[in-house]
Amino acid sequence: MNWKTIKYNRYLYPALYILIIVLFIAIPYITAPYTIILLSSIFMYISLTLSWTLFSGPTGYTSLATAAFFGLGLYMAGILGDSVPLIVAVICGGLISFILAFIIGAITLRLRGIYFTIFTFGLVELIKHLMLWWEINIVGVRGRFVPRADNATVFYILLAILAALLLTTYFLKSSRYGMALSSIGSNEEAAIHIGINVVNLKIITFASSAFFIGLTGTIMATRWSYIDPYIAFDPFYSFLPPLMAIFGGLGNLFGPLLGAAVFSYLQETLITRFPYSYMLIFGLIMVITILYLPNGLIGLYQTIRQRFIGGKHADTSS
Amino acid sequence: MTSIINILVNGLILGGIYALTSVGLSMQYGVARIFNIAHGEFIMVGAFITWMLYTSFGINPLLCLVVAGPVLFILGFIVHRYLFKTLKDKTPVPTAFEGNSMLLAFGILFIIQSLGIYLWGTQIKGYSFMAYSIYLGGIRFSANRMLILFFAVFLCVLFYLFLTRTRPGKAIRAAAQDPEAASLMGVDINKMLALCFALGAMMAGFAGVLLSMAYQLQTNMGLPYTIIAIIVVVLGGLGSIPGSMLGGFILGIIGSIVNTIDPGLTLAAYYLLFMILLLVRPSGILGR
Amino acid sequence: MQILQVEGLTKNFGGLAAVSEVDFHVEEGEILGLIGPNGAGKTTTFNLIAGTYEPNSGKILFNGENLAGKKPNVICQKGLARTFQNVKVFPDMDVFQNVLLGAFFGTPEKKSRSQAKSEVEEILDFIGLSDRTDMVAGSMTLVNQKRVEVARALATKPKLLLLDELMAGLNPTEVGESMELVKRIQKKGITVIMIEHVMKAIMNICKRIIVLHHGQKIAEGTPEEISTSKTVIEVYLGE
């Protein structure tokens, strides 16, 4: 957006990123196990949120299918178990989600607005109940146990997923395809009439977003150690990403990242400290965010900054 | 033969409940454009109010209709007046409002449910009321379920008559069809939308009261009912009230058939039907 | 040389025949006018040619190739661009980005960013928007939004350009400027079909005009023939 700062960013940001990455790689060596576990949970939420934003952010197609792809990833871990190396299982989790999303995308992305949203919502429930029926009647189990992996391994894999996701998001955003995706959100009919292959672009982006969600699911299963269809396909995981993204601010690459980080930190600490008030607080934050922070934390920051510095960028918010 | 009648009657009972749980949601979406994911929480509140009144004071559950209805109406009115209206003022773009109102409703779901947990805990609750069998033509039916069917149909018809025959009902329908024209005619749109949301909540409350007579209650019971209501509403055509009633009965009968084949597949069958419908005919059976 | 031949074009919406059995052709390099009362089926005709809708029957031969049933993005890349009656810029993007998207995706070959950018600069210069490249499109006046749309269409390198009511809602000065713009587009070697209600504009620019009414073609001819045609006058008086 801001052409003048690009040159400056080109040198500053990579240096900053390298520093951050080094810092994160060092974390398992220098902190307590609790911190690693907490960070892993936060990474999971960030990854789900960024994956969701990859597709739904620019296109404006609100997907509630996150729980479906996440659950598939979880189940991949439960099915493969110890039979393959963890990394292979994780990649399989990503691929199965990619394939499902590709098929779903091909048949549903002509649905617009609320219809797309409720379709994706229904998808989670459909898979949940099919899985439940299959596990009980065909396999003869209610849930599955997943072999545990050690904390540092989980942490590093999540870190790698997150890094890949950030890079993908960054390159997509700065590429012509990222612009094309935003144009779909702006005016899909105009987009298709200037030569953009809207259908393919939507399907591939949707499937890529599902790929990262699947990866995250498989690695998280090793932390949870037990899964069943109700745990794996919990619609909660469909609603969290849009909420966290909006909480941070959708207009900016860092908005969803920040939103997910702050929100999930709050969540993890709230759950342990106030297990009973947690849901109430969660609901309140959700309501307040949607009503009073339409541009999220980033938007809030910008308004505050404008108050003090003056309205130089007054026409950039919309 | 008896088994076919049995399947049919069970389907109708199920359908009556589905219809009643859906009409409110359908109207809230059709008129106020709110996709109310928290709909089931209003059902839960209605059900627990009845449970409380019956187990603590021995008040007849049917009498609870006149208690729970107004309570839920007021609750719905407040929720719209202070939350959805605020959102609407801030989100003038209709599609953005639809998306955000769904997320807002999800937040409300959490708030109501957690307040429910404070009040009623997380245990499964229930009471028995008219828990005996009656025989019609040699076939056994449970009395309370027949009562539920009767009242569900009765309330749906009443609701429909209200919308089509009374002045406020007609105003609501006018507002749904053409908000601008309606506001030019002197209809206070905001009041109309709040009224409509409140009515939807009241219908949910009624459904809760009836449900509590024969089914188990739990503070997290809302979402499954919401999901079924969504399916029914899409089946009947988003925003079409008669469509929702018809859709409720169709789904109930399908459910009852699948249930005799393999109960574990009932919900999966609903979703399959729902998704195929969305793809083939998103406007539903009675949609435009 | 005929760049476009339309034969027996028909589109029904439910029971309504929005376009029925319409035949016409377009000569390469000309500006063809398309007029008719509201609801005559003009926009629908554009929608059929550009691939927004699939026709119920009929052929649309563009350089000899039938476009019927092809997707809009494919048709665009074959060199057929359009603008919309109700403007459809990308409101939250700036002018440059709007046009850049046309340059990136409007042609089948993949071009470099720098090439696309220089093309966009050239087009913005041609349209007269060079001094507004970083304005957010949604915040512009109607006439400028329409110009952005034309620029975006031109960026896709069309051989044939469909303009749907370019002058509607503009003041007389702006209408004059837009007429000049259309003539300059023609000079670039781009063939144009324009739907217009502003009679002065259409009589002035077009050598040939087609009249639609209730989805049917009722007249075709030079501006003089059209303005004196009994059927056409009746249709417009009967409105």
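Per-chain numbering from 1; labels A, B and C assigned in written order.
Keep in mind that, in the parts below, a contact is a pair of C-beta atoms (placed from the backbone, for glycine too) under 8 Å apart; a residue touches a chain by one contact, two chains touch by 3 or more.
Every value quoted in this text rests on a predicted model; they were computed, and no experiment measured them.
With centres computed as the average of Cα coordinates, no chain lies farther from chain C than B. Comparing chain C-alpha centroids with the centroid of the full set of protein C-alpha atoms picks out A as the closest.
Chain A and chain B have Cα centroids separated by 32 Å.
Mean C-alpha position of chain B lies 49 Å from that of chain C.
In terms of their C-alpha centroids, the spacing between chain A and chain C amounts to 41 Å. Residues of chain A in contact with two or more other chains: none.
Those residues of chain A lying in contact with chain C across their complex are 3, 176, 179-180, 182-183, 186-187, 189-199, 315-316, 318. Residue ranges of chain A in contact with chain B, taken from their complex: 60, 62, 107-108, 111, 113-115, 117-119, 121-123, 125-126, 129-130, 132-133, 136-137, 235, 239, 242-243, 246, 276-277, 279-280, 282-287, 290-291, 294. Taken in their complex, chain B has these residues touching chain A: 35, 83, 86-87, 90-91, 95, 98-100, 102-104, 106-111, 113-115, 117-118, 223, 227, 230-231, 234, 238, 262, 264-265, 267-268, 271-272, 274-275, 278-279, 282. For chain C in complex with chain A, the residues that touch the partner chain are 50, 52, 71-73, 76-77, 81-82, 84, 88-93, 97, 100-102, 104-107, 113, 116, 134, 136, 138-139, 152-153, 155-156.
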